[in-house]
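Sharing a structure, written as structure tokens. Questions coming.
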């Protein structure tokens, strides 16, 4: 989120500025493998200096899109521009774009140094300059002491750094990262996330990463594109994606969420009134004009739920049920509350008191409440 | 990345043509009515009939098949043991020498193997009186010696792929080593045993040089007959014989291949 | 838990913590008698019928020929019933090394081995590469087609070329009919025919190890090279080729070593000028009945092949470790 905040300091982020020119423009791109439509009419603009993430489950088309950007594959339909140049028909070896492969794809028969130097040699860069650039890259990633080693003598984390150094050495206009942290263990991954963001801010190269890990995407990205079945479902900042998902798919893919079905039956100022099952009446902030009787889904995050007597403001929504399950996670506890025979609501409460002093137990009847601004109305 | 692959595929097609055209021509000309092998004189199965009346060739073929069968069976047994020793045996004294002795026959020029084995048999007969004369026994021993190395390669590859925990699970469930060997290991490597047997069989059927060294005056194998007749020039009967051998070998390989493929499904 | 565990009842179940190690040790100790037979039987066979013969060959190479049964002199002789006289004849080796004819045969054998290995490589590499990069479902049938000729008779495949290459053979008839040549080419009984026959017979030995190597090549390495600005041809030279060197080496050795000692192909296809050691050895043994000289030839040939053979052995054990 660091880069997100940085962008907020200027008056407008690039993607909010209608006059800004996109750095990467993907226009109506499709990629079909025989009968399989890996990508279907995808359009996307990415701006200079962004840390952009393509997020989705396996087979959603995110890796295909990345390979199209790298030039390792050509689209069936559509065009791709990078920095104003139509690169659609330019092969990978002539694109000003480099990629960090998921397997790192380090050349096993070359030393770390030779791997990093490889791309520079292809440019016919003079030897002295090459050496300088290699040292610069190795220093940037703190792997100067590994220069003479071979890839099979490195740890996973070291390999990742070498792969990163190699793909950055040519100073590409765009760096593509395919699951950059996928091969690292959990602890190293969290640490590396922050390092990657810092690195990107320092060198200012536009990053496009592919990931299936929503936490990773939230931590690192300036913006995220959520993909499913070869299409982009939503593109926005991590905060907006979390707080204002545009569909049930996005809402449930990022974090956990409670979904209530209902129909619109009235409007009061900026709020609409929704009738759910079991005489549940909900009031939610919604500026979008919706006609009476429209079926909608209300999405409420578990941590937005409160226990009843607590902070009950005017117009808060209430729902009553019986505690069915409690999961104690240390910092928070997760409660599963059955509110109807067909629905269980999840509520997350911070553990402000020691566990022994908690009042909620199994089978207890509870009333939960959430404010009209804490839920999202989804219309599809 | 799309690349034009037709240059590569045309090279591949050329390679296959190089491998198969000579053999196909051989088969085609076995049906040639003319005695001049290279001039087409109309279709005929005459040479096949003549071949079946050639007792010298038939006797030699029968001897070769008997040798090949005994050789294939024993070579597979020894090859299985050797492969087990290498894959499952861990470290043992003389392992390096063992591996060397198993690799050497694969590439050793046949003249060297043949000569050295003959000198051994002569020395043994001189020293301990066995083997008495040369023939079926000496040829079979010589064939086993080099074909067991091939059998080991085939079986070893399969054993190395096999999941060791299957054997350990059987042990864990109380099976004694011999039972594990017979009930778990052997059935799992059965396809490799079949390949090894077939390979050893054809290697033996095909060997000219080594058999020529270690054969006695009374024992003439099929390749030896073919060789002496070929030295005199091209003969349509040999074409017919070659076609029959090709037919049998191809059938055996295809049937074995299909059987294995079905088993895998 | 090691040797004392021989009795059936005493064999307890291994403690869970060291389960794996103890189980293995237990397996190891239980295997002993079977293990001895398992290793001992094939080892004994190879020592007796493969190693021992070389010792005898060495011994006989130091003897002199005589017209008797067996046709060579003994190395040791009792003189005056008390003195054991050892007669070592180094003349055979001297002859093999110094005589022009034998030296030419050795050089020519090595040369034929070298040329045919290169020929196999030139034809075999593109084939192996094409198979390794072909669509998945095509690979096994294509590979089977490489192996199939290997199952058919070697002698017959060499024989097939006689009919093709001879003066009034199929190739000449074909070229004459096309009008490409005016009179038949002399190919059979020349060194060229030997090259053709050797490349033809040994091609599968080159393709198989190359395929095994190339099919394991990580294709993302080529993508990475392209991504870093490498054109396909350069990517082949800088990534594929160096990574396939072990396969090239293995295939080359599998062709080179047996070809140097080849007998059948030079004998059937070669002419009087294609002197090769295998053929000389055969002649010395069968025609001249000079067993000691044949033995010396065999040992010198073996000595020449030791270096490539050790290289092959190294490659094999490295392959085994990678597994």
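Labels for the chains are A, B and C, by order of writing; each one numbers its residues from 1.
To be clear about the criterion, a residue touches a chain if its C-beta (ideal position, glycine included) is under 8 Å from a C-beta of that chain, and two chains touch if they have at least 3 such contacts.
Everything quoted here is computed from the prediction, not taken from an experiment.
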Study note, to complete from the structure: Per CA centroids, the chain at the heart of the structure shown is C
Practice item. With chain centres defined as mean CA positions, report which chain is farthest from subunit B. Key: A
Exercise for review: Averaged over CA atoms, how far is the centre of subunit A from the centre of subunit C? Could you give it in whole Å?
Suggested key: 58
**Study point:** Geometric centre distance via CA averages, subunit C-subunit B, whole Å
**Key:** 15
Review point. Cα centroid separation between subunit A and subunit B, in whole Å?
Key: 60
Exercise for review: Mark out which residues of subunit A touch at least two other chains, giving numbers and ranges.
Suggested key: 71-72, 91-92
Check your understanding: At which residue positions does subunit B touch at least two other chains?
Key -> 1
Check your understanding: What parts of subunit C, by residue number, touch at least two of the other chains?
Key -> 223, 226, 232
Point to revise | subunit A contact footprint on subunit C (complex, rising order) | key: 218, 220-221, 223-232, 234-235, 238-239, 242-243
Point to revise | Contacting residues of subunit B [partner subunit C, same complex] | key: 1, 3, 5, 8-9, 11-12, 14-16, 18-20, 22-23, 25-26, 29, 37-39, 78-79, 81-82, 84-85, 89-90, 92, 94, 98-113, 115-117, 119-120, 122-123, 126, 141-142, 144-145, 148, 152, 160, 168, 171-172, 176-178, 181, 198-199, 202, 205-206, 208-209, 212-213, 223, 226-227, 230-231, 234, 238-239, 242, 245-246, 249-250, 253, 257
**Study point:** Complex contact set, residues of subunit A against subunit C
**Key:** 70-72, 91-95, 97-99, 101, 103, 105-109, 118-119, 122-123, 166-167, 170
Revision key, fill the gap. Given the complex, residues on subunit C that touch subunit B span 23, 27-28, 30-31, 34-35, 37-39, 41-43, 45-47, 49-54, 56-57, 60, 70, 123-124, 126-127, 129-131, 133, 142, 144-146, 148-149, 151-157, 159-164, 166, 168-170, 173, 200, 203, 223, 226, 232, 253-254, 257-258, 260-264, 268, 277-278, 281-282, 285-286, 291, 294-295, 298, 301-302, 305, 309, 312-313, 316-317, 320, 323
